[in-house]
Structure formats: C-alpha cells, structure tokens
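Below is the structure I would like to discuss, written out as structure tokens.
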Amino acid sequence: MLQLVLFNVTNGLIIGAFYVLMALGVAMILNLSNVINFAHGNFLALGGYFAFVLTPYIGFWGALVVAPPLVAVIGYLIERVMIRRVYSRDPVYSLLLTFGLAFILQDACRYIWGTTGLPLTVPASLSQGISSELFFITGYRLFMMAIVAIAVIGLFAFLRYTRMGVRIRAGTLDLDTVAALGINVRLLRSFNFAVGIYLAGLAGVLAGGQIGLNPNMGDDLLMPAFIAVIVGGVGSLTGTLLGGLLIGVASALTTVFFPSAQEAVIYVIMAVVVLIRPRGLMGEEGMLT
Amino acid sequence: MNMLEVRNATKTFGSLVAVNGVSLSVAAGELRAIIGPNGAGKTTFFNLITGFFPPTSGAILVEGQDITRLSAQERVKLGMARTFQITEIFPELTVHENVRIAVEVGSGFALRPWIGRDAAATVRRATEETLGLCGLESKAGRSVGELSHGDQRAAEIAMALALKPRLLLLDEPTAGMGEQETYQIAGLIRRLHKQSNYTIVLIEHDMRVVFNLADRITVLDQGALLADGTPQQISENPAVQAAYLGTAE
Amino acid sequence: MSTTTIETVLKAPTERRWLPAAIVWVVLLSAPLWLPLVGGYTALASHVLVMGLVAMALNFLLGFTGVMSFGHAAYFGLGVYGAGLTLRYISNSTLLALLFGILLGGLVGTVLGALIARRRGVYFAMVTIAFGQIFYYIAYSWNSFTGGYDGLRGFSRQPLHFGPLVIDIQNNGTLFYYFVLAVFAICIGLMAFLLASPFGRTLIAVRENQRRARFLGIAVDRHIWLSFSISCYFAAAAGALYALLNNFADPMSLHYSLSGEIVIMAVMGGMRSFWGPLVGAAVFVILQDYISSMTENWMSCIGLLFVLVVMFFPRGLLGVLQRRGSP
Amino acid sequence: MAYRILPAIGRRTLIKGGAALGALQVASPYIISARGEVPIKLGFIDPITGVLSALAASEVEGAKLAVANINASGGVLGRQLELLVEDSANDVGTGVQKARKLIDRDKVDGIFADVNSAIAYAIAGVTSEKGVFHIVPGGHTDPITGKDCKWNVFRICNTTTMDSAAISATLVKKFGKRWFFITPDYAYGQTLQEGFVKQLTAMGGTYEGDKLPINTVDFSATLIKAKAYKPDVLLNNMGGLAQINCMKQFTQFGMQKDMALGGALFELESITSVPPEAQTGWWTMEWWWNQPGVPHVAEFVAGIKKATNKPASARHWFGYVGVHSFKLAAEAAKSLEGIKMARALEGLVLPPEVALQPGKVFFRTGDHQLMPSIFTGEAHPPKGDPANVFTIAEAIAGETAGGTVAENGCKMTYPA
C-alpha cells in the first residue's frame, strides 16, 4: 500500500506538472490583462495538432521547438485583433469572448483533423519505462518533467532578469504606473499573452505525445488550471506552481482510495483553501480586490 | 467636546510614511481647511478620518467616541460624509436618483424591499430640499454623467448632504474647475457653513477659496503637521510661507 | 424651476414603461396560439421561458448589481436536482418539488455567496466558476443518489390538485406552458418589485460606483451577498421548472459551459434592460435549436455568436433599441 | 446535424449535399410535398461530438446506407424515408432535448438512439412517454431491455450481460481468475462490470477494479493500482477514445508483459486507432466484416466502403439493421402506428440480407432484444488488409449467453 501511495505521489507530480504549465499561462494573462482565458485549453490542443502536422517533416524534436511558438503567434494575432478591444470594458466581455473563441477553436480542430483521436508519435527512445520497479516513470514522462521544469525556470528567469519580464511583473502590480512611465502597455500585454499561449502550446505538444490528440484534449486541464491559480493565490506565480503540483498529487492520491472522486477532490481543496486562506496559499493582499 | 479629533495619526505604506503623527481638533460648526503642497499626505489623512483604510497608529474620535477601528459604513452612520478628489457619483442615473439613493440610505432604508407612502413622501421631500440647497432642481431629471464638471461636484456634495451628516469632508471640491464654477461651489460651501451650520473639513488648493471660507487652517507638509491656526495666523506664519506659500503656483 | 417640473421630468420616461411589459406579456400569453404557425413547438416555448428566467435571475446580479457570476449554472442545476430528487424520492407533488428545488439552489447560493461576495471583478467570476463545478462533480460522482453521469430518471411532473380542481400539466404541454409562465410571472414580478424598492436602488448604486456606495454607508459586501443569494433563488426556480419540463436531470445542467450560455443570453439581450435577458434567451435557445439541427459545426456558430455580440453589440439587442429610441 | 436524405438521388451526391439540402428544408419544410408524397421521418440521435464520436459516425453511416438502399427500392409502405440526424454531444440532457424536438417539432415516426447507454436509456423514457417507436442501435446497458424494458423500445446491439457472458469463460480458461476492471462510471460500465463479476465469481475468481469518469484521459494512477494487484487479466471496459488512451498508457507502462488484456468490447474503430503493441487481447465482437461465404456480407462491406471509404464495423451494422428493422416492422404491421409496429417486430426473424451472419437472428418477444450470434476472438496487428485486426475464434448464440427474459427482469406492458 505504501508503495502504491508513493507511486501515486510521483505520478501526481507528473500530472501536476501539466496543471502547472497550463495554470502559469492562465495566471500570466489573468494577472496582467485581467482576462480569464477560457480558450487556453484549445490553444493547448492547437499545439498538439501543429506538432502532429509538423512531425513528418521535422520530427518530434523539431515540432517540439516549432509548434509552441506557432501557437503563440496565433494567440498574439487573436489578442491583437479581438481581445485587445475589450480590455477597457467590463470584464464580462473578455470572458464571453474567450468563451466563444474556445467553441470556435475546438470546432475548428474537429473540422480540420476530425473527431477521432490522432497519435503523436514520440521517439522510441523515450517511450520505455526506466525500470521494472519504476515502470510508471517512462522515459517520456521524465522528459516531460524535465521540459516543464526548464520552461518554469525559464519563465521565472525571464520575468526576473529581462527588461520585458520585469515590466510584465511591474505591470501586474500596478499597470497605471507602468503606463505612466511611458512603457507601451498594449505591446506588453500582447507579448505577455503570447508567452502564456506559448506555455499552453508547449503543454499541448507534450500532452499529445502522452495521450494522443483530440479536439477536447485541453478541456480537462482548464478547470484544474483555474483551481491551481485560485489555490496558489491570484497574483503569485510561485503560488500557482505550488497549487498545480498540490492538486495533481491530491488527485492522484484520491484515485488510490476513491477513484470516482479524483476530479471532485481538487474542488474540495479549493473550497478549503478559500475558506481558511481567502487569498490562496501565496496570494497578496491587493490582488483580490 | 470637539466634533472631530485626530490624535497622533500615522499611516505607513511599506517604508513610505504618508502621514506622520498628525493631530487635529475640529469644533462643532467650524469650517476647517487642510492645505499643503502636493504629496503632503492630505488625501491620505482624509482617508484615515473617513475609514478608507485604518491608521497604522493613532486614534480618531468623533464627538468623543473612538472610531479608529470602525468601517467606512459605520462612520457614515455616525454622521460622517465625504466627497472625493475625483468625483464619485452614479453616472448612469439621474441627479434625482443619485440624491434619492443617498436620502434613502441615510434614512436607514438600504435593506428595505418596500417603503410606505409616508416614508416615500418624506424621501421625496428630502431629496427635493437637498437638490434645492445645491442648486440642482433644474437638472434633476438629467443623467448625472452628462452634467458639467461643476454640476457633478455639486451633485456629489448633494449626495453627501443627503446623509444629513454632522461632519462633512470635502476633498478638493473646486479641483479642475473654471472661475465661474469655483465661485458657484464656494458659494454653496459658504451657504452650508453659514446658513445650515455644518461642520466642514475640506482639502483645497485654491487659496482664495481657503482664505475666504475657512475658520481655521491646518497645513500639512511631507506627511507631518506644519501649522494650525486662523487664516490670519497662517498667512503670517514664516514656516508656512517658506514651505508652501512661497512656492505656491 | 418648481418641484412640479421635477415631477414631470421624472414622469416622462415612466409613462411609456408599461409598453414593453405589455408587449412581452401579450406575446407570452398567446404563444401556444401562434407558435405552431411559425414552426415552433410548445416545449420550445417553455424552454425559452425557463432560460429567460435564469438569464433574468443572473442579470439581477450582473446588470443590476454590476457583479459577474460565471457559475450560475450551479444554482440552476441545484434547482434541477432539487426538484428531480424530490419527485423521485420524497413526494409526488409538483409544487413541493418546485419549492425544494428553489430552496436547495437558493440556500447553497446563500452560503457560498458569503464566501464569494468579498471578491471583485474577474476574480469573483473565477471563484464562482470553480465553486459551481463542485456541484457538477458531486452530481457526476454520486451514482447511487443522483444517477451520476446517466442523469436522474424515473420521475415525472404530476398534475396539480387544487381541491376538486385538477390541472393536468403532466400530459398537456400547453397547460404546462402556462404553469411555467405563471411561475415565471411570479418570479419576474418579485424581481421587478425588489428592483423598484430602496433596496433595489442600493444594488444599482453598488453597480454604478462601489466606492461612492460604500461612503454613502452601504455595506457593499453584504449587498452583493444578498443580491447573489436572491439571484440564486430565482436561478434555482428556473432550474426546478427545467426538471419538470424534461422529467429528467443531468449533470450538464450544473456545468460551467451552461453558465457561459446564461451570461451570453443576458448580454445579448441587453444587461441594462429588465427584459433584455428574456429576449436574449429567446434568440439563443431558438438559434441553438435550429443551428444544431442544421450543421455539425454548431459549436462554431455559437462561438461566433459570442464573438459577434461582444465585438459589435456589447449593449445587447434591447440596448441598441433603447439607444436608438432615446434622443 | 440533419443530413436529410432525400429520395431518388444517388447516394454519393446525397451524402455530400445532405447538409445543404437540410438547411434548405428547414427554410421550406414542404418542399417534398410537391412530389405528392410526404416522406417518413426518422430521427437518429447519436454523439457526433465527444469521446464516442467515431462509433457514432459509423452508426449514422450504416443508417444512411440503409435509407439509401430502401429508398432506391421503393421506400417503406410506398413512402420514402428521410433521416434526421441530431448530435447528442455525448450529453444525456442534450440527447433528451433532441428527442423531444424530433418528436414535438419534426413529428418523426421513429427514433434511433444512442451509442451512449445512458442517453439511450434516458431517451427511452421520452419515447415511451410519447408513444414513439424507438430502436436502440448501440447502447448496451442491460435495463433497456431488462427491468426497464418498454413496449416501444427495441435494441439491436447486445446487452452487457450477453457480451460479458460470451467472453468470460474464455478469459478464465486462457489466462486465469484474478481480474482487474477499468470501467467507465455510467450505465454501460456499471451493468457490464456487474455481468462480468457474476460470471467470474461463479467460476470462483477474484477481482478488483476502478470506476472512472467516462471522459477520463489519464489512466496512469489506475494502471499503477492495476499493476500492484497483479491480475491475470486486465478488463478494459472503457469506450471510444477513453479506451484507446487507456490502451496506449498500458503499453507505455510495458504492462502487456505482466498481464493479459481482454473485455467485452474492443471495436474495429478503436483497434485501428491504437499502436500495434496494444492491438491485442481477447474480446467480444458483435459483428465482423470478414465472414467468408456468408451471403450479402461482402455486398454490405462494399457499400460501406464505397460510401465512406472505411471498413464496415459492428457500428455500421447496428445503424443498418436499425433502419431495416423499422422497415420490416412497418411492412409487417402495414402501419406506422407505434403499437402495431412493436407487435409486428416481436419475434420477427431478420432476412439474411439484413442479418449478415449465419444463424437465426430475431427480436425476442419478451424483452425486444435482438438475438444474433456473438463472436469472440483475438485482436492482433493488421494481417494483410489493414482492417484485418481480429480473428474470430467462436460464434455463440446470443440467446444462450444472454439469460432468459425472466432472469433479466423485463415485464413488458403495453398501454391499454
């Protein structure tokens, strides 16, 4: 039993890594642009499908490099053409807009690539378990963990050490002041949006190799991503990181004892956190109002 | 007993000390002006008095009662009403509706799903009186968002008055106004003070208005109290002249 | 100007205020007569009323308190299950089912509202979505009680008994439509009554300017909580009617995607107008009904509708009309 | 979603132009009456979107082929058939609404629904309330023709009891008596697992299992649990995409080395969607395209191939048989009245060009369940033909596997 629990903790971290990748993108867009991106899961699917299309030409590795930026470009364009126009309006409009986009993107994927699941072939070197004891840690899963870790470290480094990153963080705290300093806030938001979408696209390629592709593949990750943000504390990316890992592990552990509650449990965690620490684990005071 | 008493109020934001140990007493029926250069902490001080946020240390008393920890709503119930530097009104509603809401809330009807005929008549009368006092009768039916800046200020003051406050706090009532509008608002404040006997505390930039209206003047500089006295005393105070009047616009 | 002038100024807009209401009621009351002529059917009309009610309930919060809930399907769905479970396990009284449905959704909304009401703006929306999903998963997972994914079957609305008078809303679709209309009318009447009261005006004050409202002495959090709770009771009423309409309850009635649809109904119709959400619901339900029969790509059409409304008709259908109508 | 198949147009044009014509028709519903004949409307509700969509698509294609064939040979009772396809979106509530719409607005004479057992089950509630003739082509859960059987509901595909009974003995004999179930937590999965457990415990076996949401994507946690249990056989009862994902992760974990795979259904659509190493295990197959020497089968397979460029699957056959059963019932009853059709279909034996398999295939009178042969066999990577991924080992008469009407709990009552 202990072994089983231990297995599941590890497995939960892997699931959690996906939640984290999704949630960080959601959180970045939310923090700077005040937009809840309902279409985030669909950008994820788009990333997977782009990789599927590219793999025959440039291989899995090439697709892993090329597909996420392509998705980011699509995200950037959508932000430029549509989402940007509703920043100044009541937040209800941005919500509805991304909600509608989610429908359209999902349907587009279905129209182009069909309802049937498609496989995204990963290199054979990655698809074996690392040992018979640790069979559930396949090379691919280790690889995913590594990529997620690199992406997260890269993101935090970007936000801390680059000029654009520092501006994004400053804008998250006080957009008006950033604007008053003469920084191009529109550009900042577009870029930030694209970075968030890039993370979704990356998650899509990784998920595609794990579970294959289908038009709804991002849906199941969207709510956990929201909850990771709420649990971690709105405004804190570190909190989001912790929140994602926490609910991933909790969900996997629940599967051991009460499998049909594996989804419900993350909501229970959220309710408890909101009750005990209304700002989330790492939330800051000003962020909730 | 003083209408308002502030004892040693301090407010810090992180390492920034916005208000530093300021004390103040305002007698009933007095009109007090608070002046000081930009960044002197005037609005922060106002926010401490009205409960926008609690002070880091110090105490605030209204008619001898300690209100330091009370919420803004509770302070309103004790008779405190304020306006803001940037007009805060209900822009999509008419002037009449703006004031009526204030009257109803002031009469304790905020949770009433219905009111009787008599109460409704009282509300209407009070609303019309307040509109009349502020010279807004003719604009009652217009949406307040469409009014001129001066009329919007007047409407905001009317809403504050509709609460029947014993202490009225006005944050730069003439900010951003032209000659004519400033004159109009100053006249309104004078009427409220002289005819209706309100206790008024106001922050003001326009020195003509300040020296014309105020019974006493408090000068803040860099978050601290610089001087406190009659207009005469203040205008003769060398420290004030050095720190403020000399550099005034 | 004298006070009489104020009176006349104020009265001018109120004078025509009965007109939209009159049009709505005439259309609704006569629906079973003209509906078949234009290719509709009574169940569709009942469906429009139900969605209209939940959209108006949401708009009580969204349009008249200025607070955006993206989780209202939860309280609608609790109404659905409340009514369904009552008929299935407790009693075969339609009215009792309606009552329990309203209470279940409303009470849960009241309790959760206390947790949620302190949030603002987009965070409020996010927390409402996430809390709403809890009930989706409860209904989805609790097989033995709610029927789980399969939904709750095995109940049926029952005829109404008033002493010797029996109204057979069970088998007569038209009579059931009028039953829905009656409940709808009571709910809408209550909402209009509340909105016209001093309490209702404080909600509008909160919508217009929370800072001003707070410094008028309005306890903003408490008023948002009250508005949220009230809105949940009405949403649950709509849900209970929905259960009676379909004789069926399923977890999707609790899902956030339905919340999104409810919001778009309110916005499409016009969230500043009392009747707007009903118009929005009618357009949405009928469009969805037809489009989903016409094309496999109905999701794109609905998505496009969302985008078009947001980009080009943010004030909604009635909002556009109102603006045209006023000088 | 309505590809309204109009009479007297070539099949291929039909499938391509269906959607556009459907749109036209909504605008002018009486376009057909100009021909002097109102077609018989059939409503077909299936999860065109969602995890079961591949299966649903096949059912619709089979039904379309049947409609086209029937219309080409004179229709039913001299009238043409018109198929209205609606998407249930794999959502029970949506399915129920679509059923109400088809009945109330379109006034269909028959309803066909649904791949998803839960939706089929719920729609049966609506059709029996309204007294509309209802055929369930591909929803397997027992109560539809068991304890909740209805006079107006007939089912083409097997019950979960039939499918599980057919393969249980084989699995025990070949692999052993320690089983682990991965089962979708809804009507289908619940009754299927019940059926298996009944068989297994009767043979003295032991089991463990997880019931997971129907849309589950990540099975790793459950697979770890399965591995720890060290079963002889893993029964993958998931459906559609979920089953495929489960298989992929199973092979990624290398678990095929530790335990055998098997279960009730691993359909052609699913077998061809998993990697070769997952194309394995012993399964029940409800209909198979490769039946050399059985009359009319090749014809049907060619028809499906021509219309869809896909190999014919059991789902195609369900849709095809469903529509033909409607025709047979109407013609035997000489009426479209639900009760008369239901009476006429009871005990009716399918002609060979519809049955498409050896042996007697008939609707059992007591519970309205079709009694075909049940095939069991082994899945394997393609041999020659890419669709040759399954080899039949045995054909079992449905009636021997399924239990009697009394055992299944159906008490058929007709309205007075």
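Each chain carries a letter (A, B, C and D) given by its place in the written order, and its residues are counted from 1.
Methods note: contacts are C-beta pairs under 8 Å (C-beta built on N, C-alpha and C of every residue); 3 or more make two chains touch, one makes a residue touch a chain.
All values reported here derive from a predicted model rather than from experimental measurement.
**Student:** What are the mutual neighbours of subunit B and subunit D in this structure?
**Tutor:** C
**Student:** Please identify the chain with the largest separation between its CA centroid and the CA centroid of subunit A.
**Tutor:** Between subunit A and every other chain, the largest centroid distance is to B.
**Student:** Which chain is most central here if centres come from C-alpha coordinates alone?
**Tutor:** When every chain is reduced to its C-alpha mean, the one closest to the whole-protein mean is C.
**Student:** Just how far, in Å, is the C-alpha centre of subunit D from the one of subunit C?
**Tutor:** Whole-Å distance between the two chain centres: 38.
**Student:** Could you grab the centroid distance between subunit A and subunit B? Build each centroid from C-alpha atoms only and quote it in angstrom.
**Tutor:** Each chain reduced to its C-alpha mean, subunit A and subunit B end up 48 Å apart.
**Student:** How big is the gap, in whole Å, between where the Cα atoms of subunit B centre and where those of subunit C centre?
**Tutor:** Chain centroid spacing, subunit B to subunit C, equals 42 Å.
**Student:** Could you check subunit C for residues that touch two or more other chains and list them?
**Tutor:** Within subunit C, residues 140-141, 143, 299 contact more than one other chain.
**Student:** Two or more other chains touching the same residue: where does that happen in subunit A?
**Tutor:** Correct list: 110, 260, 263.
**Student:** Listing for subunit B: what residues touch at least two other chains?
**Tutor:** Not one residue of subunit B touches more than one other chain, so the list is empty.
**Student:** Draw the chains as dots and join the ones that touch; what shape do you get: line, ring, star, complete or other?
**Tutor:** other
**Student:** So which chains actually touch one another? I want all the pairs, not just one.
**Tutor:** Between chains, contact exists in these pairs: A-C, A-D, B-C, C-D.
**Student:** Which residues of subunit D touch subunit A in the complex?
**Tutor:** Counting only subunit D, the residues touching subunit A are 48-51, 53-54, 57, 185, 210-213, 215, 217-218, 220-225, 227-228, 241, 244-245, 248-249, 252-255, 269, 273, 275.
**Student:** Quick one: which bits of subunit C touch subunit B in the complex? Just the residue numbers, please.
**Tutor:** Interface residues on the subunit C side: 1-3, 5-6, 9-10, 12, 193-194, 197-202, 204-205, 208-209, 211-212, 214-219, 223, 226, 272.
**Student:** In the complex formed with subunit D, which residues of subunit A make contact?
**Tutor:** Against subunit D, subunit A makes touches at 3-4, 7-8, 11-12, 14-15, 110, 115-117, 119, 127-129, 132, 135-136, 138, 140, 210-212, 214, 216-217, 220, 251-252, 255-256, 259-260, 262-263.
**Student:** Show me the residue ranges of subunit C that touch subunit A in the complex, using the header's touch definition.
**Tutor:** Interface residues on subunit C, with respect to subunit A: 62, 68, 70, 115, 118-123, 125-127, 129-131, 133-134, 137-138, 140-141, 143, 256, 260, 263-264, 267, 271, 297, 299-300, 302-307, 309-311, 314.
**Student:** Could you pull out which subunit B residues touch subunit C in their complex?
**Tutor:** Of all residues in subunit B, those touching subunit C are 50, 72-73, 76-77, 81-82, 84, 88-94, 96-97, 100-102, 104-106, 109-115, 123, 128, 131, 137-138, 140-141, 156, 159, 163.
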